[in-house]
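Both complexes below contain chain A, partnered by chain B and then by chain C.
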Partner chain A sequence: MSPETSPQSVLLLRLAGPMQSWGDRSSFNRRETRPEPTKSGLVGLLAAALGRPRGADLTDLAGLRCGVRVDQPGTVLRDYHTASDYRGVPLLQAGVSAKGVQKPTSPAKPTHVTHRFYLQDAVFVASLAGDPEFVASLADAVRRPAFPLALGRRSCTPTQPLVLDVRPGALEAELTSEPWHAARHARQVYRRRQGGTVAEVDLPATFDDEDGTDVVNDLPLSFNVRDRRYSTRRVRHTWLTVPTGETTVGGAAAASSHDPFALLGW
Partner chain B sequence: MPYLSRIRINHLRPASQRLLANPHVTHGAVVGGLAEITGTERPLWRWDTDHAQRPHLTVCTPSKPDWSHITEQYGWPDADGDHVLVRDYSPLLERLATGQEYAFRVTANPVQNIPPSQGDIAEHRGEKKIRSRRAGHRTAGHQWRWFLSRAEGWGFEVPPAPLPPTEREGDDPAAAVDLRITHRQRLAFDKKGKSVVLTIASFHGRLRITDHDRFTHHLTNGFGPAKAYGCGLLTLAPVTGNGC
Partner chain C sequence: MIVTSARTYIDLHVLHTVPPANLNRDDNGDPKEAFFGGVRRSRVSSQAWKRATRAFFAEHNPDGDRAMRTKKIAEQLTRRLAERASLDTETAARIATSALQPLDIKPGKKAGETAYLLFFGHAQLDAVIDLFVDDVAELCELGDEDLAARLKDLPVQQTLNQGHPLDVGLFGRMVADIPALNVDAATQVAHALSTHAVELEMDYYTAVDDKQVDSTGAGMIGTVGFNSATFYRYATVGLHQLETNLADPAAARDGIRLFTEAFARSMPTGKENAFAHHTRPTLVAAVIRGDQPVSLVSAFEKPVASTSGIAATSARRLAEEHSRSVAQWGDNPLFTGVCHTLDPDSPEAGKVGEAFGDNRTFAELLDAVQAHLPAVQEVA
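So, the complex of A and B:
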């Protein structure tokens, strides 16, 4: 799968929606989100688009090289959430009885408080590189998905367009050349901070890299409901200089250098 | 013969902090640099910065000034570098002509006149005429409109901004002309025990001269009120490809 040996093509996905949630190693009552999409989330989205059942083999999807760019980081939303049994019986505790059956909580506890974290108002560009035919079939599947697609959780629906493009080329180069996908208000904030329109913006990005410096625990081995398994992958964090898609024309705000002596001949 | 000067200020000196905080003190320091003030012309000055925490004072004076007292008290008297820059302003004034375009910066004090209310009239019963009250415009929208409404009388116009394609359909009226407010502040300071309150705004943009005589007059005499307190000095710079 190395990019030197075989021709590759890159699928570019724009992941944006009111809410997203990309969990890794969350369990029990606290469901956290990563600040950027996880590989298991992306593989799950593609598997849903292809119509694969829960226990299906994922090696081809997990074998795609993936890169994620943060176009708009968004903010974290904490959802205070309670859960209880509809019959009104006490919830179960972690300990088991001599028969191996979970004991009810004592004193009886009818309600769990759970915390679910979401990213709101975030935009990512995720890209997956692999065999051209396979990548093209994935793009078709995402355009006409077999199961509903979601951004990390079933409640987080994506906004269109989801598929940006399928291009031949290298993962890093395609992700760098793709223009900035931030929303209008985020651009305005950025422009105000920069003091005018700028041609390029630096965005954080994460790539699959065997020599990477960080390890994340989100490589899916199986999505089987009774046997969910994940492995680790090495990633490299970097910054990409990306075109904003805005021309730098004479906005008055682009006035960081105003030299009144320039006209006085010095 | 007007002169334009730039004086760098060492903001870490305690005296400089008083200078930076109080426009009344700054005005005294600026006037102290002039041997004689001829006619009705007055010095105009403005705080500027090309870098955070590196303030400099831009001054336009009717005659050749001497800023050694400012350097001694608020600067670096013996350090290397151009701490004071004084240039003759008249070559530029002679070169200006109607129709030319420049980038500009000005810090101004946008105000409105509020006519006397019934209460004011009742209070001053017996007086022949009560003056209207001058109050500062406090919102960016009012300040922005104040500037544009005065521009014609000052002898220039603000041309439409060349917009990026993504913004062209926008409904933001502020994007239609090449004018931005980059800084707004409410200044409150002491003047001989009395408190002075000003609302000031810094405007950056592009202008086209429509009336040469009015424009050059205001260039050396100031735009708008509060000229003693760091307002009204408009400086010009060449229009580059990147605006001003």
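So, the complex of A and C:
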């Protein structure tokens, strides 16, 4: 089943919010984030929108072809996080008693320390391609979600609009024609660097691709709490030349000027 | 699954100004921060404010640990048992009553009701049934006394005592070893962010040794990090999810009220003795939506300038963002209400009025939210 032969629809999602976190190998007390949304994160978001319980079948969602564009990379935030019971009760351990009740830690441990990593001030455009009817139903679900949606972690609320559009077409073409979604301050930095307004910007993107050069381990098979499983997928990293949505005002000449501070984002 | 109403989200938008304070510290002891809109902001983690909210519950509902809301635990247990074990109601009722007997819950005036309201989540009731469901066939054969003796030693009370049901219904519960006790949270709380750029301030302090009279100098020196900020705080509650979690639509409606009050009024206690940051919100807006939760944090992506009254400007920005978002997306909320302490004659108050309606007292806002929640519909 070549994705190119059957008619496809593309769902474009804008993933923006003050904080996001896209973990792919986090376990225990250090919860890291990938620099861009993971497929498991996207599938999880859609499954939540559809109201699928944990452990539900994900084959259809995982089967969508996905592409992610980095409109504004953001920076990494490390959050020092402690957990304790506000009643002063010792934390529970993982083990259970013969009665199936969780035992308290012994010696009593009142505080648990974890490190959580987030992306702050980032904006992505994610796109998912698949059967037109299914993709349209996903867009509806995201507009009327069964569970509150989140950008990788529950506390990372998305800002609107989340659904940009549903279009017939090819994944990469639609992601390339969609204008840049960077915030005001990021545009200012870019304009300053370019010496004026420019019509286009080059953005990094990652696509599902069977012939891709990179392998990532974020294809979800099950979100069942007791049986969380992931598989690998092949991806291709590339750059897209995307319209900025602004008209050119003599930018081209200025763009060639030497600006060593641009690297520092000044 | 019991879902008696369609999807309903209650969005809470709170603007809350705190004086110099250190509500939520990182591992250097400094207030947490995040970048948003290209500038540094003060941040209070969602976990910190949720903890404050739960502590508020505990303080204001001292019996909340195990007592609230349903007189019909026996009936609920019966219904679930009958369904799980395919029993007729009468047999299920007999077993359920026996199982609850060791708890010594006082019976109420009406048959099958307890004398007081008990607040239990459905996951807890399921866990009780788990204790004996495998032996149901055998239990049906037993006489009343044998049945009571058989069920007497089961850890029913322990099972029902675990967790705080409203807490659990709202904030969820994760028990790694017992997935049956897991509950998906009905609330989603965002990290609180300042609406404006914030720089970390350092308070250099010296402490004098009262008994050190023969020499000069400090007994101790140090620094404390702090900042002051007007926070935008956002939370949303899924009424339908809370109903599912609590298996009691009326309790879910009361839960929304309690959560709204606790979320708006609570304050993290970090360094409260050093800074006494006991403030109330400048503005609390509640928006009931039938489609999706909408965070208005974009209103502050461009940071509010610090020269012109941050709280009032933030309120205006919030109102404009709400109006713009509704106009742009055409998704009218089912209800909006607001309680604020802005100057009633100011243009900011006018904007807030246009967006969220007339100013109400907080108690009126709570009543209005509850009154506008969709009515409970019985679904077969």
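As a working rule, the second predicted complex is superposed on the first by the 219 of 266 C-alpha atoms of A that agree within 3 Å, B and C clash if a C-alpha of one lies under 4 Å from a C-alpha of the other, contacts with A are read in each partner's own complex, and residues count from 1 in each chain.
In this text, a residue touches a chain if its C-beta (ideal position, glycine included) is under 8 Å from a C-beta of that chain, and two chains touch if they have at least 3 such contacts.
What you are looking at is a predicted structure, and each value in this text was computed from that prediction instead of being measured.
Novice: Give one of first, second, both or neither to describe whether A:H81 is in contact with chain B, with chain C, with both, or with none.
Specialist: In the superposition, A:H81 touches chain C alone.
Novice: For A:Q102, is the partner it touches chain B (first), chain C (second), both, or none of the two (neither)?
Specialist: second
Novice: What's your read, chain B or chain C touching more residues of chain A?
Specialist: Ranking chain B and chain C by residues of chain A touched puts C first.
Novice: For A:V225, using the defined touch cut-off, is the partner it touches chain B, chain C, both, or neither? Pick first, second, both or neither.
Specialist: Second partner only, chain C.
Novice: Please indicate which partner A:D211 is in contact with in the superposed arrangement: first for chain B, second for chain C, both, or neither.
Specialist: neither
Novice: Touch check for A:T197: first (chain B), second (chain C), both, or neither?
Specialist: The first partner, chain B, only.
Novice: Is A:E246 contacted by the first partner chain B, the second partner chain C, both or neither?
Specialist: first
Novice: Go through the superposed model and pick first if A:P260 touches only chain B, second if only chain C, both, or neither.
Specialist: After superposition on chain A, A:P260 lies in contact with chain B alone.
Novice: Touching chain B in one complex and chain C in the other: list those residues of chain A.
Specialist: 184
Novice: Under the touch definition given earlier, write down the residues of chain B that touch chain A in their complex.
Specialist: Interface residues on the chain B side: 4, 6, 50, 58, 85, 87-89, 91-92, 95, 102-103, 105, 161-166, 178-180, 182, 204-206, 235-244.
Novice: Quick check: in the complex, which residue numbers of chain A touch chain C?
Specialist: 17-19, 54, 74-75, 77, 79-81, 83, 86-87, 94-96, 99-102, 118, 120-121, 142-150, 154-162, 183-186, 189, 225-226
Novice: Chain B touches which residues of chain A in the complex?
Specialist: Where chain A meets chain B, its residues are 184, 187, 195-197, 245-255, 257-266.
Novice: Chain A touches which residues of chain C in the complex?
Specialist: 7, 9, 25-27, 32, 34-39, 41, 45-47, 51, 54-55, 58, 155, 158-159, 162, 174-179, 182, 184-185, 188-191, 193, 234, 236, 238, 240-241, 290-295, 297-298, 301-302, 325, 329
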